[in-house]
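Chains here go by letter, A, B, C and D, matching the order in which they are written, and residues are numbered from 1 within each.
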Amino acid sequence: MPLIAQSLDEALAPIAGGRLLAVPRESSGVAMAATRALIRRGIKRLHLVTLPTSSLQADLLIGAGCIETLETSAVSLGEFGPAPRFVAAILSGAIKMRDATCPALHAQLQAAEKGVPFMPLRGLLGSDVLAHRPDWKTIDNPFGNNDPIVLLPALTPDVALFHAPMADRAGNVFIGTQRELVVMAHAAQRTIVTVEKIHDGDLLRDPRLAAGTLAGFYVEAIAVSPRGAWPLPLPDHYGIDAAHMAEYARLAATPEGFAQYLDRYVYEKRAA
Amino acid sequence: MPLIAQSLDEALAPIAGGRLLAVPRESSGVAMAATRALIRRGIKRLHLVTLPTSSLQADLLIGAGCIETLETSAVSLGEFGPAPRFVAAILSGAIKMRDATCPALHAQLQAAEKGVPFMPLRGLLGSDVLAHRPDWKTIDNPFGNNDPIVLLPALTPDVALFHAPMADRAGNVFIGTQRELVVMAHAAQRTIVTVEKIHDGDLLRDPRLAAGTLAGFYVEAIAVSPRGAWPLPLPDHYGIDAAHMAEYARLAATPEGFAQYLDRYVYEKRAA
Amino acid sequence: MGDTFRDEELLADVICRLIGDVRHVAVGAQSPIPATAALLAQARGGGSPYVSLLGSRAHTFFTDGARELFDCAGQGRVDVFFLSGGQIDSEGNINLVSVGDYAHPKARFPGSFGSAYLYYVVPKVILFRTEHSRRTLVPKVDFVSAPGGSPGNVYRSGGPIGLVTNRCLFDFDRARRRFRLASVHPGHGVAEVIDNTGFDFDRPTHVPVTPAPSAETLALLRTTVAPMLAEVYPEFVKRVFNVPAPSP
Amino acid sequence: MGDTFRDEELLADVICRLIGDVRHVAVGAQSPIPATAALLAQARGGGSPYVSLLGSRAHTFFTDGARELFDCAGQGRVDVFFLSGGQIDSEGNINLVSVGDYAHPKARFPGSFGSAYLYYVVPKVILFRTEHSRRTLVPKVDFVSAPGGSPGNVYRSGGPIGLVTNRCLFDFDRARRRFRLASVHPGHGVAEVIDNTGFDFDRPTHVPVTPAPSAETLALLRTTVAPMLAEVYPEFVKRVFNVPAPSP
């Protein structure tokens, strides 16, 4: 049974430096409180895989120097503009970048979920995304006739990390329609989840809730972290904190402003 | 928007003879009332694909002469013994058989769901299941080293047919944890669903129900058919009718008994 | 307001016409004007087409997670999608990645998103870029996130049908992989378009003016569409339609 | 009932020992005795291992549809599974399809189910066939639903560890692809096993007798396990444990 941790730091203990960490897109439940805790811990050399994009989470981790390799389809703050630390890190060469495209990341995690070494994907041919990915291979479709198709290798994260509305005491996690979280958990060696609250009762035994539940079988540790996605949204629970995002975009535009942001919102444990 | 049909026959109109029809396993919501209606209509030459196995549904359709080709991992009445009409048809050569294995059928429908021409699957090598499937191909894994792996072609049903607890008036269908029904609907050209009842309200807008909902976008027609899985079970709603299954197993053991069963339970429209 | 309208309203109206009579329009991230156009098409069609707005809870039917958009497109069930580019070139290639050498770029954009797949499999891809300049519309992109066309043996059921900018509408000729000026927006001119476009394109002898949105269209946009947009694009709706953002 | 026990109880106890200390035991369709053994292991372990019974609503954690069992096994997260065969041969090949020529069979079984995959990827596959006869245990199966072993270059993280019948327990030596008699059940003998087995197998000089289930095991089976089984195997539970079937 998964550990219902006493603290965020206890739950996050398995996320060591150098690991391949998978995280979801902005609107699917991003573990932001956990992200701040990892930065406070001074984690280094992460290989971050976003499913399939990221916003504040990737930008913060990059700015704080936690990322060695980034594998993503896009990083941006959306309505709040470009992701400043991401852009700066790419321009300065501070991180190793693996540009992908959304369905490729989904397919690579699905390959790991299914225990197959690769998945095929249409598209990609003639794109420079493919040209810069020597780890992706083009073959002639054995069912076709002069029909090139790209094969993408399975991607197995060391750890998947996300935030969800609730978990029960057996560690079953309600993820609703955010089913990419299920794929992430199936694909990853270990899965760590922060939740808004503990649900009394068994999520798996309620026929309505079971459909949106990831079994505790796939989960290593859970920490309760109210408003744990803040300032990002949690679907059906709270929206994005627009004022905060605008403040971030403004501060993170310079290294000095970013350092100020960290002091104010990360190291002070304001939201941990 | 899907048609909420006035009758079972209206909803089933798109299922013509000769079509590739996909149906789910016994415990996932089998449209048995619809199956009886198809037999009454005298449908012929179906190519039946079961995801991944079948019981009474396949046996009835075979016995009634509706099947030309059967693609399945297994047909059996479970605790009630072998499927008599299936066994008789195989021994007499009355149907064309494509033996598969469960995860292969899942993978072939997932390939159609994803719009890729094939999916890889481990296992299979050295099995006579593979030896008798010239449509499956073995390649050397391009990411490995002398590592043979089987590729399975995408399987796109003309129609998927199943039974579910409820649908709303926009044609959204609650399927709960039976997610192979989602894959079937995504993979198929058309999907026809029978339901226990119409749900007042929007299944997609209820965050708890949405997780177990297949959008009406994927559905062609819906018919209300109370106890529409009978005598098979509908998860969380009713169990299998054991007495009826025992009666079926007894009668279907001979062609005469099977004809008697059809007269009593199919042509008389008892449960339609 | 009478005949006056905002640029965003004109562009939404233009895009809405390009959408045409289809079953399903999907709109990706950070696309407020295409989202406006898609919801306008739905409002005009009395609920049809289906519209999927990425990031919306109200305007989506997806329940299979973030991959469903791509699976749905792979099934041939996404009829229209929108793509943009930090650079777009004469052949319809788009660049969402970087300017200059990829290994040592001079500028970096967010990334390719789903373009390296969706551009190939969605029948009607509408390119959209408000900034119409020689910086954005270039002879040749520095990085091909997704190409405007593919060799005959490459599986491709989709591609660009046109490009909408703040100055004009281009059609795209897939066989020749070239843009053709279809209309210039009110207040803009052909010479201006030529001056501000970094690539060569075809044009008819007489280039029509893009029709202004009708009073009915403007009313639909302002009263029906704007409130629906506010969920995903609160800042945009506040700015363009003066509709207050919904409380979180 | 003292020391008396039913065959099914002995077999469940034998299988339970084979399961050993693992995290997750999955049980396929039509496997009441393996299901009994898996739930017995869980009852002994105070809730561990996880047990997935196909067809059960109470004893499963799967929420991703019928494919999750196979995906889970592909992830290396199914430690134990059970397979049977209309025929099982000396090399551990199993036949769930037909007797005689596949194109014109003399007998037909239900089909291969998931065997052509799970036999390769589940580390501990326990073969189980109550009928121990020359009809079921044959020199060579007529149809290989799944082979007992594979060449070195074939991806294979799993395979058979033993075969339980109504007469005895065989271990399986994967390197040599041969069965070895491990114990004969109380009331059965080595000569009887040899007489009724259609293939050659290894045996030690002294073949032990399978230990009878302890009083504690019998109590667990009858009071804790039997009621849990009734959901999926009502007929079996009624017959073996005299527990009435649950109302529908």
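In this section, contacts are C-beta pairs under 8 Å (C-beta built on N, C-alpha and C of every residue); 3 or more make two chains touch, one makes a residue touch a chain.
Keep in mind that this is a model prediction, so the values were computed, not measured.
Colleague: Hey, what chains does subunit A share as contacts with subunit C?
Modeller: Chains that touch both subunit A and subunit C, as defined above, are B.
Colleague: Between B-D and A-D, which chain pair is linked by the larger number of C-beta contacts?
Modeller: B-D
Colleague: Taking each chain's centre as the mean of its C-alpha atoms, give the chain farthest from subunit B.
Modeller: Measuring from the centre of subunit B, the most distant chain centre belongs to C.
Colleague: How far is the middle of subunit A from the middle of subunit B, if each middle is the mean of its Cα atoms, in Å?
Modeller: That gives a centre separation of 36 Å.
Colleague: Centroid from C-alpha atoms only, then distance subunit B to subunit D, rounded to Å. What do you get?
Modeller: The computed centroid separation for subunit B versus subunit D comes out at 28 Å.
Colleague: How far is the middle of subunit C from the middle of subunit D, if each middle is the mean of its Cα atoms, in Å?
Modeller: Each chain reduced to its C-alpha mean, subunit C and subunit D end up 59 Å apart.
Colleague: Express in whole angstrom the distance between the two chain centres, defined as the mean CA positions of subunit A and subunit D.
Modeller: Taking the mean C-alpha position of each chain, the two centres sit 40 Å apart.
Colleague: Multi-chain contacts in subunit A: which residues touch at least two other chains?
Modeller: 114-116, 121-122, 147, 149, 177, 182, 210-212, 235-236
Colleague: Among the residues of subunit C, pick out those that touch two or more other chains and give their numbers.
Modeller: In subunit C, 62-64, 70, 74, 121 touch at least two other chains.
Colleague: Pick one for the touching-chains graph, please: line, ring, star, complete, other.
Modeller: Here the contact pattern is something else, fitting no line, ring, star or complete shape.
Colleague: Once the touch criterion is applied, which pairs of chains come out as touching?
Modeller: Touching chain pairs, listed by label, come out as A-B, A-C, A-D, B-C, B-D.
Colleague: Given the complex with subunit B, which residues does subunit A contribute to the contact?
Modeller: 107, 114-122, 137, 139, 141-144, 147, 149, 151, 153, 175-177, 207-212, 235-236
Colleague: Under the stated contact criterion, what part of subunit C meets subunit A in this complex?
Modeller: Residues 29-30, 55, 57, 62-67, 70, 74, 96-98, 102, 104-121, 143-147, 150-151, 153-155, 233-236, 245, 248.
Colleague: Could you list, by residue number, the parts of subunit B that touch subunit D in their complex?
Modeller: These residues of subunit B touch subunit D: 24-25, 27-28, 51-53, 72-76, 78-79, 82-83, 86-87, 90-91, 93, 99-104, 106, 110, 121-132, 146-149, 177-183, 235-236, 238-240, 242.
Colleague: Using the touch definition up top, name the residues of subunit B that touch subunit C in the complex.
Modeller: It comes out as residues 1, 112-116, 172, 182, 186-187, 204-205, 210-218.
Colleague: Quick one: in the complex, what on subunit D touches subunit A?
Modeller: 24, 47, 50, 58, 61-64, 70-77, 121
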